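Same chain, two partners: chain A is paired with chain B first, then with chain C.
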Partner chain A sequence: MLEMTIREKGCRGCRMCIDVCPTACFDFDEKEQKAVVAKVENCIACLSCAYICPSQVISHANIHHVKNFYRNIYFSRRMEKFL
Partner chain B sequence: MDEVLKKRRALQETMNFMAALAAGMENVLGRGANSMTMSAGRNLGRKFAAEARHTNDLLEAIDEVRKVLIANNCLWNFELFKEQGQADYVTVNDKNESQIFLVFRDCMIRQALFRFGHPQYGSLCNMMTGFFIGALETIMGKKTNLEIRHAGENACLKVLTVQV
Partner chain C sequence: MSPEKIRLNTEWLCDCGGCHVSLVDLHEKILNVLESVQIQKCPVLTDEKGYPEAEIGILTGSIRTEHDRHAAIEMRKKCKTIIAFGTCAVYGGLHGAGLAHSREEIMDHVYLNSPTTRTNFIPATEVDGLEKLVTPIDEVIEVDLYLPGCPPHAHFIFEGLSALIEGTAPRVRQESVCGGCNRTMKKSDVTEIKNSADAVADDDICFLSQGFLCLGSVTLDRCLSPCPNHGIMCTGCAGPTMQILTEPNRDIRTEVSERMARLTEIPSEVIRKSMEQSAKTHYAYAMATKMIGDKPTFLIRKWIAEVEAS
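Entry: the complex of A and B
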């Protein structure tokens, strides 16, 4: 099952993860002024929260990582001349 | 195996070329590029789904679209999505249309766009959206729309609406 965690100490309470999440997985703890995971079941693993977090404190486990073309070393070597 | 790798490399290079072409086209044609590519995708979807089984059931129709994609070697997997507490995948929106959320993970468009840092929501995304709704419209015989709700780095959330 998908797991999502926020490293509490690192969270600065900027709410960017809350704004970017399309399925409202996060909640904001007003007392602590930090984001918390509220509905992990809704997470589609788009990883937008992890990418946008300025402190890089959001991590996901047991998800499907899409393979990106730029990770293909053979392809990158061939494209080098155009870059 | 070598043959598969060779084909995959050729496909990846073609997709990257397409992404660069689409990004350039958007600059020249402006917003019109999106409607042009969506129209092209829709025509292709209609053509590919011409022989597909016709049905009025949305879930069955989505399965048919999946079969059309597989039959035409389009590796564009998607999953149905419902929020926690939601009873059914298919709901009715405020315009009285049937709607369903779809999650697209392995998308060759996204992978190609990211290769050179092109933005999402562009003309290539619209082409695939057009392909999907073209196929679905042929199968269901109803006006449909697939809207990109969220374009993420690892997955995209789209909402499919079908007029009753």
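Entry: the complex of A and C
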């Protein structure tokens, strides 16, 4: 089953994930001023939230990976060697 | 030297030396490292001029002089694993901004027209020949591990070295500087980009929300975010995030302008244009690498080719 997690401490409370999510997966915790995953079953794994998140703390697991039309091959060959 | 110790060489190419100093930032942990590592060659510790055989080779700095190139090639020959250590080694570093000037302009400015010295000739023998371009080391030799950061924080150095020595998985995340920043991102009604010389930023609110250009959201966290947590906007010293490097259509200025426009009332087009006007600053650390330089919207290599053709 698809999983989506936000590393809570890394969330800056910008609400951008809430704004871009096409299927309303997120809620905002007003007390903590942080986004939370509310309806993971809605997620279509478009990854819009992961890309917009300024902290890059939203991660998805068990998703269908769509082949990239465009990729920086020069970097992608090296990516696994990056710490 | 005990035979079971892992032999380590380090070499210092074109950089400020901060990466070598950052090894000392391991503090007491350096004792743990030294239990299993024998430092053979290290420009700030040993008097070894040659390149002894070693298991691990740490290269800091980029290739700017003929000696840098020679040293990198010799290190590759003698070391089983080469670590590109620090932003200069990985992306070319801050002096990558030198690509905006020709070799002749740089030599003239430093040796002939320097406002602070009285020299009036370009040395022919005393200094190494300056190469035409700034080159990240992986364009000259094969690199086994990349560790960006200016310098990398001791946490990442320790994780990287431990992983290599003990074969464990390093405990690192590939998040941006924002992930470690304590400021809160709030939507605001700011309508103009501000300069740190003109206004004082609130300590608890994100710089972008307040109209200050901060590169935290486009910069890989290899520093534990000290600058934004101490009132200084991130300048992107550890180089771009993984998504900017993998996706050809994502770039430093487009990502910052999109996020800042969502937080403020400033149109993204205005932010993007402002960043383009000071591109040498915003792109300085990663300007020399093909990972940024080959993006379709990045024109500096085209400018160089045009100058060379004329």
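Definition applied: the second predicted complex is superposed on the first by the 68 of 83 C-alpha atoms of A that agree within 3 Å, B and C clash if a C-alpha of one lies under 4 Å from a C-alpha of the other, contacts with A are read in each partner's own complex, and residues count from 1 in each chain.
Basically, a contact is a pair of C-beta atoms (placed from the backbone, for glycine too) under 8 Å apart; a residue touches a chain by one contact, two chains touch by 3 or more.
Because the structure is predicted, anything quoted here is derived from the model rather than measured.
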*In the superposed arrangement, which partner chain does A:12 touch: chain B (first), chain C (second), both, or neither?*
second
*Which partner does A:51 reach: the first (chain B), the second (chain C), both, or neither?*
both
*Identify the partner contact of A:64: answer first if only chain B is touched, second if only chain C is, both if each is, neither if none is.*
first
*Looking at the overlay, what does A:33 touch: chain B (first), chain C (second), both, or neither?*
second
*Where does A:42 make contact in the superposed view: on chain B (first), on chain C (second), on both, or on neither?*
first
*Jot down the residues of chain A that show up as touching in both complexes, chain B in one and chain C in the other.*
51, 70, 72, 74-75, 78-79
*Which residues of chain A touch chain C in their complex?*
7, 9-10, 12-16, 19, 33, 51-52, 54-57, 70-72, 74-76, 78-79, 81-83
*asked:* Per the contact definition, I'd like the list of chain B residues that touch chain A in the complex.
replied: 9, 12-13, 15-16, 81, 83-84, 103, 105-107, 110-112, 114-115, 149-150, 152-157
_Taking the touch rule as given, give the residues of chain C at its contact with chain A in the complex, in rising order._
138, 143-148, 156, 159-160, 163, 170, 172-176, 178-181, 183-187, 206, 208, 216-217, 241-243, 245-250, 258-259, 262-263, 290-291, 294-295
*Residues of chain A touching chain B in their complex?*
22-24, 39, 41-42, 44-48, 51, 63-70, 72, 74-75, 78-79
